[in-house]
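You will see subunit A twice below: alongside subunit B first, and alongside subunit C after that.
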Partner chain A sequence: MSQVDRSPKPRGIRQTMSDLHIWVGLLAGWILYAMFLTGTASYFRDELSRYTRPEIATPSTLPDAAAVAQRTVTAIMADTPAASQINLSLPSQRMPWVSAMWASPGGRGRHGFDSGLFDASTGAPLQARDTGGGDFFYAFHFNLHYMPAMWGRWIVGLCAMFMLVAIVSGVITHKKIFADFFTFRWGKGQRSWLDGHAAVSVLGLPFHFMITWSGLVMLAVLYMPWGLAKLPDKRQQAEVISEMRLFLPPQKAAGHPAPLTHVGALVQQAEQRWGTGAAGSVQVQNPGDENARVAVVRAQSSRVSTTPNYLLFDGSDGQLLQIKEHSGVAADTQGVLYGLHLGRFADAALRWLYFIVSLAGTAMVGTGLVLWTVKRRAQLPDPQRPYFGFRLVERLNIATVAGLSVAMAAYLWANRLLPVTMDSRAAWEVHLFFLAWAAMFVHATLRTPKRAWIEQFLLAALLLALLPVLTAMTTSHPLWHALAMGDWAFAGTDLTLLALAALHSLLAWRTWRHAPKAKRARPSAASRNAVPEAGA
Partner chain B sequence: MIHLILFVLSVAAFACLALSMERHQRDVVRRVLSAQATQQLRAMGWALLVFSTVFAMRGLGVGSGLAALSGHTSVAAGVVVLAMMAHARRHR
Partner chain C sequence: MSVSRTASVLAWLPLVSRILAALFGGYALAALCSIAALALPIDGRQAVFTGMLAGFLLHAGAVVWVFAVRSAWRAWLGLVIAALPLCLIAQTVGDGGGA
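This part shows the complex of A and B:
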C-alpha cells in the first residue's frame, strides 16, 4: 500500500499487529458496526417492544404470577382444546403482559405454533398492531436478514472472530495503553481520531472483550459441532443440550384424557423456592392428557447464568418430578458468558451501563472505520480524486455509520405510520428499514462525502427528534403524559431518542464545521499529473 | 443507591489515578506534584478501586457485582476523560 511496506527492513511485532488490526477491522467493520448498534438497542428490547405496541395500556400493578399463569392456560385451552404444548412468558415489570405460544394440529405458524399476547389481569387476548417490535433489532444482531438464519450466524461468527483478532492486535499495537489512558488531544486531525478511537476502545475494553468472546461462545456448538457429533445417538446429544439451555425432552401423549392440575399452585411452589417474581415462564406439554408435564422455569432476571433452572411437575396430579438447578462446569461457564452477553439479569441501572458501554463499542467500530480514511486521505496524491478503494470505503462508511441511524429511525416511523390493517405489516416495517438503508447507500454515492455525512446525520437527527412528536400525535402516550405516569418504556424511549437526535445534530454540526488542516505543500492542480501512481 | 455509590467511588478512583500522572497534573494543577503526592494519589486511586470491588460483590453478589463494577468503571473513566477534555478546552 505505502512505500514503507516495500522497504526491506524487518518490521516489528507492533507494525505487523497494526496492519492486522487495520485490515481485519476494515473487512469486518461494516457488519460489526451494524451488529454493535442493533445489539446495543437490544438491551432495551422489551421496552422497544412496548413502545412499538402503543395500543396496549400500561397496567399500574402486576397481578400475582400464579393467578396469571392459571388464567392464561385456562383461556388458551378453552380457545384451542387440541393444544399439545403451551409456553407462557409471565409478566414482569419490564414486560407487563403475558406472551404465549401454543401448538395445535391447526396451528398457523412454524411447527404448528400460534402466538399471542394476553392481558395479565384478565387473561383476555390483547389486540395490538402487527409489529416486530424490539425483536427485529435483536434477531438482526445475530441472524441478519433476507437469508437463512444459519448463514447469518456464520457470517456474524466470522465477523466476531475478526473482532476478537482486532481487539487483541489493537491492544498490542496501542503502545501506551496506560500512559494515554485519560488522554484526548483536540483538533489534531488524525491524532485526535486515534485518541478518540483508543479512548472508547480502552475504557470499555472489559465489555468489548467479554461481548465478543461470549458472542462466539454462545454459538460454540454451531461453530464447533464436532464434540457433540461424537456422541453416538440423538438422545445423548439432547441430554448435553439440555444441560446448557432450557430444552425439555418431548413427552408422548398417553391418549387418555385427564384434567390438568392447577398450574397456579405449581407456580406458587416455584416462587416459594426461588422468591416472589422469580418464576419467569411456564411450559405445559400435553395439557388435558394423562401424560401432561408442567415445567416452571426460573426468570432470567433473577440470575446471571442462562443454564436451565426449572421445576418439572406431573401435569395430572401435580407431583414434583424433577428439580433442575445445576449443570456441569462447562455448561455453567457457557451459561455465565451467555448471561453476561444478554444482560437479562441487569436491573435498570446496570442496563443503562450496558447500553452506554455498548454505544462506546459502536463508536469504537465507527471511529475505526473513519480512521482508515482519515489516515489515508493525508497520503492521497490528489484529494479531489481518490482511488476507487478509498472512495468505496468512504461511501460504505457513510452509509453504514450515518445511514444505519436513519434506517433504525425509519423502522420506528414505519411502526407508527403503516396502516394497522395492512397485510404483512411487521414484514413491511423491516422492508422499510432496509429500503431506507439502501437509499442511504445510494445517497452516499451521489453526494460529496462531506455533504453526505452532514445530510445523513441531519436526516437521522430529524427523524429521531420527531419520533416523540409522532408518538404524541398518533398514540395515547405523549411524552408529558408518560412522564407524569412514570411510564418509563415510553418516556425513557422518547427521551433517549431526543438525546440521540442531539448527538446526531452535534455530529452533523462538527462535520460541517470541520475544515481539514492545511497540508504541508499539497501538489497544486498543475503538478497533479506528476504523481499519478503514488497512492494506488 | 448502591449504583450511585459505586459510580461515585469509581469516578473518585479514576480522578485520583489521572492526577497521579504527570501530563494531567500539568493540565489540571499547572505544575508537577511532588513524588510523594503522586504516589499517594496513585495508592488512593487503587485503594478506591479495590474497595469498590469488594463493595460491589458484597452488595450485589459476586456475579452481578463484578458485571456492575465493570460498567461503572468504564463509564466513570469516560467521565474523567470528558472532564479532562472540558477542562483543557476551557483553559486553552
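This part shows the complex of A and C:
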C-alpha cells in the first residue's frame, strides 16, 4: 500500500484492492478471529449454559407455558412482595427452565435487580454452580472483557467495519470468484493456502457479508445515531429504539394495591394467537398495584425478525391494551438482519448449518492471517532471522488461532474443576480463560513457530478430548448416559468437543508432517521453522 | 531533520491522507447519509432505519473508493463530491428533539 502513490505507473484496481484487503484483514484479523470463534460457539449458547450447569437435571417434558408463568410469578411475589418489575424467560426445548429477573428496593444487582433460575414444573428455585455458562462467549463476542462494554463495542465495531471492507475488496481482488471456488491446488504451499482461504470465504460469502453488516446494524444506535437524533420528537425516537430492543412504555405505580390478574390466562391468550410455545417471555410492571401492566412477548425462536412483538395487558383486570405486531418495512429489514445474525429462529439442523458456516468464517480469518506470513516467508532475506514485524505477526497468529482454542477449553475445565462454593466463581472461570490465553502468547514467543503451532494444537486437542472424561467423572451426565437418555445438551456438546479435539489433532499432525517446499531458484530459502502450510 | 528523512516522511503523507479519508471521511459520509435519509418521503422512524442500514454500506464503499483511485487528492475530492448533495439534503432535515 505504501507504494500506491510512489509508483510511476498507476496500478490496477485488482492490485490496490488486494493491498487494501491484506492490510485491513491483518490489522483487524486477530480480534476478528476471536469474535468469529466465540460467536460461532454462541450459536450453542443455551446448550453451553446447560452443559455448564450439570446440577440441573434435564426434564423429560415441558410443562404448559401458561401454568409455568403463573407459578413463577406467584413464587417471586411471595418471596419478594415489594417487587416492582418481574421479567421471565419461559422454558423452551433448548432451555428447559425459567430464567427470571425481578427488581425491588432491596435488590442486590444493577438497578435493584435480582435474578434466578426456576424449575419449570415446580416453580422452585434451582440451585446450580455460579457460572457465566454460554453467556460469556456471547458477551465477549461483542463487549470484549476487562474494559467498559462501550469501549469493547467501539473496538468490535471498528473491526467489523474493517471486515466489511475486507469482504468487498476481497471480492474485487478475486476476479474468477466462482471458477476458483472449484480449484484447489493441494500441497502447493502458498497457492494451497490462497485456494483454501478463497474456498472458505466464497463458500460462506453471503453469510460472511450478512453477519458483518448485521453485526454493525445491531449496534447502529451506538455507531450511527445521527439520523435518530434528528427525529423531531422524543416519542418517535423511543419508538425506533423499541424496534431494536424490547422496551415497554414506562408505567408509574398508582400506590393503590390491587390483586394481579391471572398471568397464565394472558400467556394462554398469546399462545392462541401465535401458536403453542410461541410465548417467549413475560414482563410484569408494578405487580400487586392498580396500575400493573403485563406484557407477553413473542419468542424469538418463533420467527426470523427480532422486532419485538408483544401483547400488553392491564395487570389488574386483564384487559388487552395494545397489540404490537407490525413494524414497517425498514424496521423489519433491520429486524430480519438482526434475527439472521442471532439465528434464534433456527431449528437443530439449521443451527448446525449456522455453526459450520460460521466455523468456515473463522477459518477464513485464520487462513487469511497465516497467508500473510506464508506469502512473506518466501521473500525473507534471511529466513532464519525474520524482521520484527514478521515475527510479531507469526507469534500473534499462533497465540490467536491455536491459543484461543486452548483458552476456550480451559474455560470449560474451570467450570468443571473450580470448587462449587468458591467466591466469585463465575468471574474466576473467565479469569482462567484469559490466563490460559495469556500463557499461550508467552508460549508462542518462547518456542520456534513450528513447535509452538504443534504444541498448542496438541494441548487444545488434549483439553478438548478430556472434557467428556472430566464430565463423566465430576457430573451425573456421562456421555453414555446422556446418549441413552437422548439428553443432547450434554451428549451433543461432548461429541462436538471430541470432534473438535480430532480436528485439532489433525491440524497438529499436518503441521508436524509439513516440510516447506524448497524453492527451485533459491533452495536455501526453505526454513526449518516454517509455519504449517496444511489444514486449510 | 535530514533531507532524506523529510523526503521519506513526505512519501508516506499520501498514504496517511488516504487512511484518514477512509476512516473519518468515510464515516462523515455515512453519518450525512443517515441524516439525509430523513428527507425521504417515508415515515421518520422508517427513514432512520433506512439511513442506518445504508450508512455502513456507504462507508465500506467510500473506503474502497479512497484506495482505488489514483491519488489521495482524488480520494478526498470524490468524498467531497459525494458529500455535497447529502449535505444539502441534510440541511433540509429539521432539528431533532435533542436526544
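Here is the rule we use: the second predicted complex is superposed on the first by the 504 of 536 C-alpha atoms of A that agree within 3 Å, B and C clash if a C-alpha of one lies under 4 Å from a C-alpha of the other, contacts with A are read in each partner's own complex, and residues count from 1 in each chain.
We adopt the following convention: a contact is a pair of C-beta atoms (placed from the backbone, for glycine too) under 8 Å apart; a residue touches a chain by one contact, two chains touch by 3 or more.
Computed from a prediction, not measured in an experiment: that's the story for all the values here.
With both structures placed on the common chain, the touch criterion links A:D314 to neither subunit B nor subunit C. With both complexes superposed, C is the one of subunit B and subunit C in contact with more subunit A residues. Shared-chain residue A:V165: touches subunit C; no touch with subunit B. Contact with neither subunit B nor subunit C is seen for A:E271 once the two complexes are overlaid on the shared chain. When both complexes are overlaid on chain A, the residue A:D64 reaches neither subunit B nor subunit C. In the superposed pair of complexes, A:T16 makes contact with subunit C only, with no contact to subunit B.
Contact with neither subunit B nor subunit C is seen for A:D135 once the two complexes are overlaid on the shared chain. By the touch criterion defined above, A:P232 reaches subunit C but does not reach subunit B.
In the superposed pair of complexes, A:T333 makes contact with subunit C only, with no contact to subunit B.
Per the touch definition, subunit B reaches subunit A in the complex via residues 3, 14, 17-18, 21, 23-24, 63-64, 67-68, 70-75, 77-78, 80-81, 84-85, 88-89, 92. Subunit A meets subunit C in the complex at residues 1-2, 4-6, 10, 13, 16-17, 19-20, 24, 161, 164-165, 168-169, 172, 213, 216-217, 220, 223-224, 226-234, 236-237, 239-240, 243, 328-331, 333-334, 337. Residues 179, 181-184, 186, 199-200, 203-204, 206-207, 210, 303-305, 336, 340, 343, 345-347, 349-350, 353-354, 356-357, 360 of subunit A are the ones that touch subunit B when the two sit in their complex. Those residues of subunit C whose C-beta lies close enough to touch subunit A in the complex are 11-12, 14-15, 18, 22, 30-31, 34-35, 37-38, 42-53, 55-57, 59-61, 63-64, 67-68, 70-72, 93-99.
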